[in-house]
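Below: one structure in structure tokens.
Letters A, B, C, D, E and F mark the chains in the order given here, with residues in each chain numbered from 1 onward.
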């Protein structure tokens, strides 16, 4: 076979430095093998959003942004190069049947986690509607779920007005009997971003709500410690549902529902680092990034960075999956 | 009651010139009255698009752009100020049930045209999927329809792969027995924008197809004359379905599926002016403008201008509806 | 009268959730009635700006951004739904006579506050030049004014070089004898954003100046406490003049004169919350937001949020105006 | 004096090619000397615009765009390198007194043309309001003016509603007795861009109006020939007033009032080339380019190109001014 | 091996329609096999540009834009689905040694064409500097070259001032003795875009130059016919060098050196279609598209469309390469 | 000589206020005179960047942004109006020979600092590759250098893979024997932004590395104090190399390599203020700002502000250079 010097495949990196590995290269396309440790799966659904959203584009954008990071953590003096993050690819969405799309998200994530007992899947939305199926699949395969939801919003809207949308995932889980309200802790809920009716609903159902004011008073790490302790009493495993709009608009300019008065990115990163070290944390989703609205993919960059920090500390705790 | 000098209602025009009336002011919000002549109705559905689309935002954008035109045609020396264009408002879409949304488009447009026999409704999409319901409603209320479709694409895709989407409206109409293929004439079909399978389907069904090459050879007006004559032989009334992507990307930068090799805007305007004068033309839609992708709302501006030209020549022919 | 299912008026909300009320819906267009409590009035003047400015577009943009917030404060567990914020609309500006425009701002705001003794008017600029008329109108109707000005700049420029511009409002007030310098406290003044000559002028006139360095040393709340105490000694009521460029460019990217070294948004929100509770605070303006320069209306979003927080705490103190 | 190799003054061209001269280098900053031939002067006034406009930024942008052209016309095989275009700089505008600004435009242009009898001044707006002063100054110094106005709009609005704005310059000239209507020929007037009242006014005053329809029927060059002949009968010299919005939005995306149905750029260039050869043409303005709205300064690029073509053919006719 | 329903590989098409094949799927990544017919190779070099350019990004963008076209030509009633276009990938550029990069372009293209005698390679720039190496490689492997260069510029600058840049490729070819001036025909050369010195050089060297004025007088097809006839007399094969800035800025907004007065896209497409049918045409490059400056990748879309039209007519003439 | 009222030179400030001096006016174009105190020199090289970069545009953008600041520090109550900052202009770069460009940077900066012993030159990149030449020139003319590098990255990559790029400047300095590793202190190094191999190299060479974690633990000022003390023990003078990407993406959105987890701008400003007061600090560079990617030139604004703060405190320490 002929070879021609200097030809490289289209789409490959234009420059390679022997001393730098790209975080994106940790992603190994799943090919049917048994998976352990951190994995990602795209749930590119955002037609379910109440407002116009391009969040279905974020799985691919987050993967691309992983190419802008390296594999080496200087703070932990750890090179993740020998580890892999399995990429299960994206779940194919139906063009016009959104309920079918939601069913596919549930069933694909259930199959994945059923077949891969030691995988910790990070589901990349899409909008927050994907969490309903993702969490149901998590519980069916991982045992009784305790949820820590980072969010400016309850996402506890009624499903009569618009069906199962990005405003309703946790309402669906409760109303469908998948979870009881005490399995859910919400962190970062913000002024003028929610309805009183749904706060009443949260209280009635036993959902724990920590507002931005609580975070400012008590500190995020302290609230997380309390939340993990509380959830461990009644649940088997913890699932993190990260709606990026928990962040202030200055730090996450690409969320559909941006606003002032939110969390800063440093605190969120610290929180995720801390949570990743807890043995009970076994699943996660990252939702509500619309790359068509973002500035220089800042919000997807942050998501990619959070995936790396989560994996770093998860691997410290569990040993990780090496090549 | 008190009044305070110089206070004006929020949202009203910041400046009024006694000698200039804005085209947008011709729009009279429908309040239950009997309607004659040109009217508009928004069908803000674009979740049915195969690719990400903000076309549901175009009814409101086109209305806004009508504020950038005046009511006076110097070419015809006609001031349309005394006429009205009824604005039926927008059909409310369901957040997650897209089939319900499509049903609503059909039923609302049927009700409108059923109750207002002398109204000529211009449906503002939305994506091209709205034409399926719009044309069915037209035929049920206006008699056997002949369709002149301006488009770069057949929009005759199968409905199995993705359901009733913006690629399938004319396929749906044929397969559901609403129309026979010979009721449909397509104008502006372009290279590398369609599948051979669907060209075969068009031929099999008796659809008439005029390509961009045909337009360049024969001239648009000549093809339109031929098309109107042909349709009149077997149908009662003519419906224009205007997919703005029939235009070249230089003239319609805000269509989701832009490309080179299309029509120029001057020719399209002339074509619409000519068609508006024919007594058989009784309905129209304007679809596939995504204001989030456009440059300075150029494509919506053109749509608003086309509404004005259509109304001008329609009123010349029919007398129009005065205040 | 006929009705047609699913038709909604153009411009109305595309989706309504029974459990969420939009903050924008608190706005009630003034129709001549007696007004109490918080009200807004637009002063869309920015041709008076030294540099090119689209700040006249911000009243309408801020109103629009109020639609992106709900009526419920979770921190205070208060739903503002039963309250109203009166919208006096915008003061009509002259196209070419800017002095006439400034006179209209003064006279309209004087008439409003004269006729509505219990109204607390938030004037939405426009550029900072509008504050000259707004404050004069406030004092004529509300008694001797004490001003807390949030600003990176003195806005004490001479009026000979360019007339009454967005650089001169407080100079005008002092030179025209409307206020004495000791009625004015400036907070957030920044390095390399002002002239020494005008600092000298501030000192000569007895204006109190707190720089960004002072805020970093003493804390904003402590300086505000001191400022309110100081102003109460010699004035009847306090007026807040909020130039959004007091914020760092990372938090207010849409101000004409952005720069580093400014306040963060959280501190500003806290400051406004605290001030709104003080019975002496009876008027406010929010100026210098140019929506044509902003990113995703971040700065107008923040302004809308500040209006909501101000109203929340004002209503707590005064009872507010209910429907 | 020391010199250091490779240091070049900040702001100078980063690269110089011995075989390419930049058109921008033809501009010679006026320093009090006697001027002959083509000259430019900036009238950076756009606060007089009815809608928000950054057209005051266009003189500087057009100068910058001249740097993107070379001095050599291959069609005429003429290198303009030996010629100069005098740059009189910009007329300083008042920050808040717009009438003062308009007076300054008139008096500066009168002084320039009074002192430089053989100069052909191209005034760079600014908005179209600058033409009122510019044309008055032209007539006072060059004799009875005949005007060929390229425009989508009459610009004959009344001055009561908004004062002397960008909608009124030709009305002002007629009402103030500076010109009689028969001195004015308008070319390119467009549908739905004007009021009937002002068409009536044009007719009453004897203004000649050629619409876009006329251009399409008769051809631009033929209309220009007719116009020049007609004006020569009653006037001494011809002044071209070029509102760039005479062009279709596809060719001049940076005009404040863009729209479809306008002229293409090739035709306009041909028209200007033809006019520049006529000995009666002695003055010109180029107005209504807003660089803040443009795409890649396309519209200013075209303006710069038109200046070069005008100068090329002017110099062919008159010999030009060499260095 | 396990499979999971609905999972698709990341990066694959989110929706597949059985009746539409994407043009991008014709691209087959080269894997060492013998190649016949049309092929592409990326030469992503633009650091050699005189002005800042992101043209190195265009090979990947053009490939992506091929995904927005289908494989079916309705004008020719030909589905190209059974054909392949070989994608040789990109030539790897050195980060800092631009001369090394240029050498690699030459040697890789020479190797490709040497090993694949029946391949017609379309080189995707990069800036126009890549044509120097590309044409040298073409001649070494395909015999004496005749060049038809579509361009607004000569690209005959001297190489002393800035080295071998995007302004010098044809100068290099002549000065290095690779070609004689009579092997080169330039089409579309434009006013104020070139230096007289280089026109003199072109004449001295026997280069044939057709300006935009010539095209407007004689028609593009007629000039192309003449050019092919002329080149055939002294050369073996014809190479097309397509600098996209031959187009008017309205049709190719993404070229680094945009300007008015250029070709329209319809004429260019027709010209390429005509040339592709001539048996002497055996090579091509497409250069000077900067995706970072473009609007919605319009210019890369046009390039992709031209590749498809070229391949369509090439395959008609030669039979093409089927799967 | 004639003068004409209100004419001002093109390019001059459109408005002048007698009480405000612009920081940009402190810049005095060097004309061969002896220079003392703070000076700037542009090194507009970014073709050496591994990724596409427009950083060569930042010297001119930073100069422009100095026009948006005034000369007066209210915190220090100091007007810098009487001082000058010498502007040596830009070093001319070669179009295609990047090694020649790098040599010119070294030699011009050496000549400048050799001829001007009391000048403190701030080199404005360009990318970080310019620091290699800049630091070598500093040491040759100012004695043994101690470097404080603010950076997210080591910039210690090998030079074999891509030559001397923006990833290699400090590696070059060490490998070429210009400095020993203990002369270099890196501050702000971040997770997933570097390779382990280069951390090993840093350790092997005795480079001191302070990560973002270190800054969060110890405080920036404390680390700077320690760093200055450490460097003073073995070096003569301190050079600050400021890669703006040490900042978090929220504060420096215009760096090529943005990311989360970085420094805030307030801390950086404080750090520079502190360092400017130390007598050992004698040189500086500011690199890696790409104005084509920035939002409203925020990052260049910050750079200009830092130049002003540095000069303010330098002048306090040294007396500065007055006019």
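By definition in this document, contacts are C-beta pairs under 8 Å (C-beta built on N, C-alpha and C of every residue); 3 or more make two chains touch, one makes a residue touch a chain.
Bear in mind the structure is a predicted one, so any value in this text is a computation, not a measurement.
Chemist: Which neighbours do subunit B and subunit F have in common?
Modeler: Joint contacts, listed by label: A, C, D, E.
Chemist: Starting from the defined contact criterion, work out which chains touch subunit B and subunit D both, please.
Modeler: C, E
Chemist: Which chain is most remote from subunit C in terms of Cα centres?
Modeler: With centres defined by C-alpha atoms, farthest from subunit C sits E.
Chemist: Note the rotational component of the Cα superposition from subunit D to subunit F, reported as an angle of 0 to 180 degrees in steps of 5.
Modeler: About 180 degrees, rounded to the nearest 5.
Chemist: For the two copies subunit E and subunit B, is the contact made of the same residues on each side, with over half of the numbers shared, or of different residues?
Modeler: Under half of the interface numbering overlaps between copies: different.
Chemist: Would you identify the chain whose Cα-based centre sits farthest away from the centre of subunit B?
Modeler: Relative to subunit B, the chain whose C-alpha centre sits farthest away is F.
Chemist: Taking each chain's centre as its mean C-alpha position, how far apart are subunit E and subunit F in Å?
Modeler: Each chain's C-alpha centroid was found; their separation is 41 Å.
Chemist: When the C-alpha atoms of subunit C and subunit E are each averaged to a single point, how far apart are the two points in Å?
Modeler: Using C-alpha averages as centres, the distance is 57 Å.
Chemist: Going by the contact rule already set, what residues in subunit C reach two or more other chains?
Modeler: Residues 15, 50, 56, 95, 161-162, 250, 295 of subunit C touch two or more partner chains.
Chemist: What kind of graph do the touching chains make: line, ring, star, complete, other?
Modeler: other
Chemist: All pairs of touching chains?
Modeler: According to the stated criterion, the contacting chain pairs are A-B, A-C, A-E, A-F, B-C, B-D, B-E, C-D, C-F, D-E, D-F, E-F.
Chemist: Which stretch or stretches of subunit C touch subunit A in the complex?
Modeler: 15-21, 23, 68-77, 79, 81, 250-251, 265-266, 269, 295-296, 298, 301-302, 305, 308-309, 312
Chemist: Flag every residue of subunit E that touches subunit D in the complex, lowest number first.
Modeler: Per the touch definition, subunit E meets subunit D at residues 50, 157-158, 160-162, 167, 189-199, 209, 211-213, 216, 248-250, 253, 257-261, 293, 295.
Chemist: Contact residues on subunit E for subunit A in the complex?
Modeler: For subunit E paired with subunit A, touching residues are 1-12, 14-15, 27, 29-33, 41-42, 44, 56, 59-60, 63, 87-93, 95, 104, 107-108, 111-112, 115.
Chemist: Please output the residues of subunit C touching subunit D within their complex, sorted ascending.
Modeler: Residues 47-48, 50, 52, 54, 56-57, 94-99, 161-165, 292 of subunit C touch subunit D in their complex.
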